[in-house]
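Two complexes come next, and they have one chain in common, chain A, joined by chain B in the first and chain C in the second.
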Partner chain A sequence: MNTAAAPRTTGTPRLHRPADLGEAVRFLADNPGAVPVAGGTDLLIDRRLGRITTDCMVDISHLDISGIERDGDHLRIGATTTIRTIETSTELAVSAPALLEAARVLGSIQIRNMATLGGNLCHATPSAEMPPPLLVFDAEATIVSSSGWRTIELAQLFTGPGETSLQPGELLTGVTAHVGDGIGSCYIRQTVRWAMDLAGVGVAASVRIEPETNGIVSSVRVALAAVNPVPTVVEGLDSIVVGKTLDADVLDEAAALARRSASPISDARGTAQYRRHVVGVLTARALRVCTARAANTWPPNRAVPPNGFDPELLVDSGVTR
Partner chain B sequence: MSVTENTRQGESDRNRVVGRRIPKLDAAEKVTGSTVYIDDMRIAGVLTAAIKRSPHAHARIVSIDTTEAEALPGVHAVIHAGNADQRPFGYGNDNEPLKRSKVRCIGDEVAAVAAVDDEVAKLAIELIDVTYDLLPEVDDPFAAMSADAPTIHDELDIDGNIAMRWDFETGDLAAAEARSAVIVEGRYSSPQAAPAPIETHAVIADFDPTGHLRVISPVHMVFMYRKALADCLGLDWQRITVQQPPVGGSFGGKIDIDTHDFITVMLARAAQRPVKLVMTREEEFVGSRTRQPIHFKLRTGADADGMITFRDAEVVSDNGAYNAWGSHAMLVAMNTVTSLYKIPASRMSCAVVYTNKNYGGSVRGFGNPQATFAVEQQTEELADALGIDPMQFRLQNANKANETTTQGLKITTCGLSDCIEAVRDKSGWNRRRGKQRGRFRGMGAATYIHVGGGARIYGSDGCGAMIKIDDSGQVALISGSSELGQGSETVLAMIVAEELGVGVDVVSVTHNDTDVKPWDVGVHASRTTFVAGNAARLAARGARTKLLAAAAEVLDVPVTKLDLRDGMIIHDGDRDTAMPYTKAIRRSLLREHSSIVMSTAFYDPPTEKQDEGYIGNISATYGFGAHVAEVEVDPETGMIQLINLWAAHDVGRAINPMSCEGQIEGGAVMGIGLALSEELPVTDGRFLAPNLHDYGMPTAVDAPRIDVTLVETIDPLGPYGAKGIGEGGIICPPAAIANAVADAIGIRPRQYPMRPWKVVDWIKREERSTVIDRRGAASS
Partner chain C sequence: MRLEVTINGDPYRPNIDPAATVLQVLRDDLGLTGTKWGCLTGDCGACTVIVDGRTIVACLQLAAQVDGANITTVEGLAGRGNTMSDLQDAFVRHGAAQCGFCTPGMIVAAEQLVRDGIEPDEQAIREGLSGNLCRCTGYNKIVDAVVEVASRR
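And then the complex of A and B:
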């Protein structure tokens, strides 16, 4: 038996609370190992599991980088906006329901009250809910550091599972999505249980219908979660869809392209083969919902089921075959 | 009018407490967070324990070097098989707390430390250097039975990796098969699942200066725990006290002694300090007992009239690295194979197989959800093959009161038909089953039989009870049973209040200290309301007799003229002159030649241990029930949404209907989890998901409203007619949901959980029933 004083193996991390964004950025520049924290819903678990070992955290939850703002076709969302705020936003319900639908299925209400958009993006989990609906609105990320501001396409933020292109000392302050009239969007996903689950496959889509054209698509985006190391925009959809109406053949082609864009792994949430199959299923469903929304034919008070499977609305339309 | 109704009417006038909806007595402290669990307990000088576990599924231990851990400041004890005083334990003595020569599954304990705090303990564990010589591993029970499989227990004199066999046969199977018009055959499997209580396993061990050991443990077979501790660790069991704090969920997982209990006591012995172990969530999944996977190959036949002719089951139980309790789940599975419905001939041939996996323990339902998944799917497959409505088929084959099954189970009361009719009618079965496939909706049912009056697996199936009434009039019941959150405290207090004729608010229940409470087998087999309830009722009856005698003496009237109701002693029916019982107590006590009311009882149900052929009436009564599930299946993603669940249960008598409903709903939600999502996925013996996030317990969103019907059959031996109900709720959902999926999309689920990718796979393979229809052959 050894009776000497016990060593302190790890300590409670220091929590720095800067007065404003400027101080936060200077602090991050001076303390390269410091980790920004807002809601902490991922970080505290990572710490417990030893995935991060920092001894210093910077509280950014009170900084003025929160809120949802619509300016013409620009929709700005601050990094520390909570997921619950997004879920309950009347603005997003109109301009970008995909974002609201992704927020709605993230964790539990308790988690959504704490978790922030910036945290969900910067944690860079391949199955994260918030990147796909932002990617289908061509979102840009705004980043600040002691040397100034820069803006990148959101897709460029994600470099690998848990990895981003943020440099030491940089802080994500918000995203800007490009919304507009005539765009329908949605986010649906496959899970094992119906709440408190990570997506096995997540699919966001947006479709713009040209006015007065009887359903001719002028732009289309599909983005995938959980089937690649990073959230992925399906490339090459335009040539399949744009200028056409989304009939069954076009949907089949789009679904096939989405399947080819996925390189899923097999894990506790499903086999690779199954996930690839579901990418196609959910892509077709999401495009169908988006089209109806863009054309204002989706019943306004009808919620899209989390997996987009609505026998009454979708079976007859031939989506489910 | 039936006998049942007579009894009910006769008693209903008298019952003041039994039958009332009373919230659990501990509800307020639970919802306000004031309950003190083991993790909350602060004990002066306590050390923290941590366990070094094997990262390998099968390996020989070459060496264990603890030098660095012992040198770490703050470490008070480091133990391993080389320096610990321990003996083998478990069924067939196939286990030891700290492994000496081999590890046989990931999580196996090889060393442990006691240190000043959690961080030092964890660091010390990392500093222990174990050298392993890896051995070939086997995680599949069928592979484990093959001739070239690695031998997991080379030290035991057994047939390869087959740990046990349970073989039962009754009736003339060949003749039964010959007269069958239709035979259905199929395979049905279940996964490794976990009891997953929110409070992880925890234990505190403390030797006093004289060497008397106090253990604080949530275990619920507490007297056997004490004996097992003494036997394994060379202690004097007369000098062991076991105290049971409030339990944050067990569901069977905390039933009995486990390796970490021994280890904590050995650490306390080595460190000469109190030691506390609290498992992490990951340890809870990796290092405590699971529900073992069971593989059924089942055949069931029926004649042209739709009467079941036989059941024939070949069963392989994948019980993991050691036997533990899980090896005995076959006893319960056997009851279902032989005795759910009238089965003239049946056979069950079962091998319990060692594999290099975490091993099976006791989990709520104990083999019955797995067996019912096979048996009750086949019931509907058979009915459909014969063109008979499955509910009609069930009704015509249903067990009845006053019948003895071929396995010797004596069914006294039986509400099975009532339960079937209740869920059939409430669910709209006749209108909806088989008629919603176009909307991908379906309905399925399942029924069960389960012990409801104890289960004699030891010499005694008894429980003691003591009652004392003090000068305030407070009635203290000291029961041998244990409260795990199942509500036994409340039910026992209600029984005592009813029998004595006092309010439930004056009854306290003590049941948490082996120094104080009388002997009991422990909580298992849904036995507490029945066995501990009868003991409490007998003790209360004795106390009532004594109380009335004391009152007769102080009032100087004949005792035969006295009654005690609502806390008042009534002479000759005259309520105007009634005296509070508390006054009688005090007048009897506060005088010369004083006396006080105390009473004891021991109740052992009139049952028998099964013979070598597994024949015998193991329980004093049997519980029955029926569920109907309604699902919507997304045929493209395979996601299943449970829309409705109807549950009807024969509870004998609902002592507390609110408690009955809670047990049934809670059990059903666990059953829904088994059916749809819960699984410890294992690859090469490794858990892919040892956490609550991935494990897949259902959330409130996953659980539909559950419509519960309580069917009262007033069991002649149960306390006020009650039967055990603790496990009933969990048994049916996997089978009922599988049948509902089959109704919705025409595909027959072969295993649970029915996770989405499996459903898609079954659809792709067009998984359907295998039916041998001999009607054409017979007529030609």
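And then the complex of A and C:
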């Protein structure tokens, strides 16, 4: 984006603070170009750099669209739930550790105290941490506008770098993930620095092991960050993995499919060739962690290293070619 | 617009620009310049303050959104009568400052880690302070100071 040519903000900035969600969506309908602000950690930078030129912001941080709630196999997370709340959730530690692990590596504690799930999704950065772990739980996004509510598959929210399918006047209010017993999940990534960095490659996975079967996989998902213009679900994994145990050959095939699903660019965080290779390595690691978690053989209090490399528990095998 | 906040125990009611950040209000409207103006992108942590028991970067926080909040800045950590806090004292004794620009944010971030009961574990503290950059790269003494206070308090 050519930020130098973008006009700087002009006029007196306005911050509207609606009393409730209804007032917020009416205001968004009546004021095209108004931008919702919750944590502000992306928006304030975009505004200062002239990437967003609106002078009208709508504060949604105090609206009743935050919190984590489990209802059977439905896990609802409100759009203004902070990343720190996700990181420290005892519910997510049990039902969806992939979400917690993605939250844990996003920015700093200060940023995580401010930044919200909805902001991370709607900013639609290709390397954003939160989409992949939601995609591996088949998440749906709930959207409201002055003309009503609609629900879409979360994958349909992302249409390009920094672009979503949200229409003018629409507001993301939350997501619903589909969790359940017997599912192991994790999120791991490759970074240049170990903290305060964006992912060069991010990989989330979930695996369900059929009970009493000695490790037969009944469902599998892998989702990738930072290697395509939008967060990507690896399609076609079922035929490779479902009904089998995750042995070295199956992992190899899954890793190869994940590599073919990636069309990374070369930039400061790695070359395209390196990133595609790392997609395969991280996919195999993630699937092995998920399998161990699903089978309850991963020690519950043992953190998964951010890049998934745990030399005591897992040794990379067969995925480096 | 009129903002009502408590800062370091004292009430303030500044008239603010609705798009102003907490950092602008603290420094430009209230003269509390201990909170540093660093990267303005949330990367360096020099503007770290505590809002209702949570650390934030003041450069990316709209002041209007903290209406009614209780804010602690580095000026609020010392006791009345300019006695230093145990953490400030530990920073001095360990020589945990070089140029000093990151020090206020570092101390505020560390203060909240200790209040939240962080284990006196080097790796945990390094992770907890990863949002505070020291470009003199004198991290070891900073970590030593925080480990000491975390194990004592």
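Structure notes:
The rule is short, and it goes like this: the second predicted complex is superposed on the first by the 304 of 321 C-alpha atoms of A that agree within 3 Å, B and C clash if a C-alpha of one lies under 4 Å from a C-alpha of the other, contacts with A are read in each partner's own complex, and residues count from 1 in each chain.
By our rule, contacts are C-beta pairs under 8 Å (C-beta built on N, C-alpha and C of every residue); 3 or more make two chains touch, one makes a residue touch a chain.
Quantities reported herein were computed from a predicted structural model and do not represent experimental measurements.
Contact with chain B, but none with chain C, is seen for A:Ala268 once the two complexes are overlaid on the shared chain. Legend: residue contacts after superposition of the two complexes on their common chain; A:Leu15 is shown touching chain C, with no touch to chain B.
Residue contacts after overlaying the shared chain place A:Val278 against chain B, while chain C stays out of touching range. Contacts of A:Ala195 after superposition: both chain B and chain C are touched.
Residue contacts after overlaying the shared chain place A:Asn113 against chain C, while chain B stays out of touching range.
The wider contact with chain A, measured as residues touched, comes from B rather than the other of chain B and chain C. Of the two partner chains, neither chain B nor chain C is touched by A:Ser206.
Of the two partner chains placed around the shared chain by superposition, chain C is the only one that A:Met57 touches, whereas chain B remains out of contact. On chain A, the patch touched by chain B and the patch touched by chain C overlap at residues 108, 194-196. On chain A, the positions that touch chain B within their shared complex are 1-10, 108, 190-198, 200, 267-271, 274, 277-278, 281-282, 307, 309, 311-312, 315, 320.
On the side of chain C, the complex with chain A involves touching residues 1, 17-19, 21, 40-43, 45, 48, 54-57, 59-62, 64-65, 109, 127-128, 130-133.
Touching chain A in their complex are the following residues of chain B: 70-77, 115-117, 119-120, 122-123, 271, 439-441, 632, 634-639, 641, 676-677, 681, 688-689, 693-694, 696, 698-702, 755-757, 760-761. On the side of chain A, the complex with chain C involves touching residues 13-15, 17, 37, 39-41, 44-45, 47-48, 57, 59, 61-62, 84, 107-111, 113-114, 194-196.
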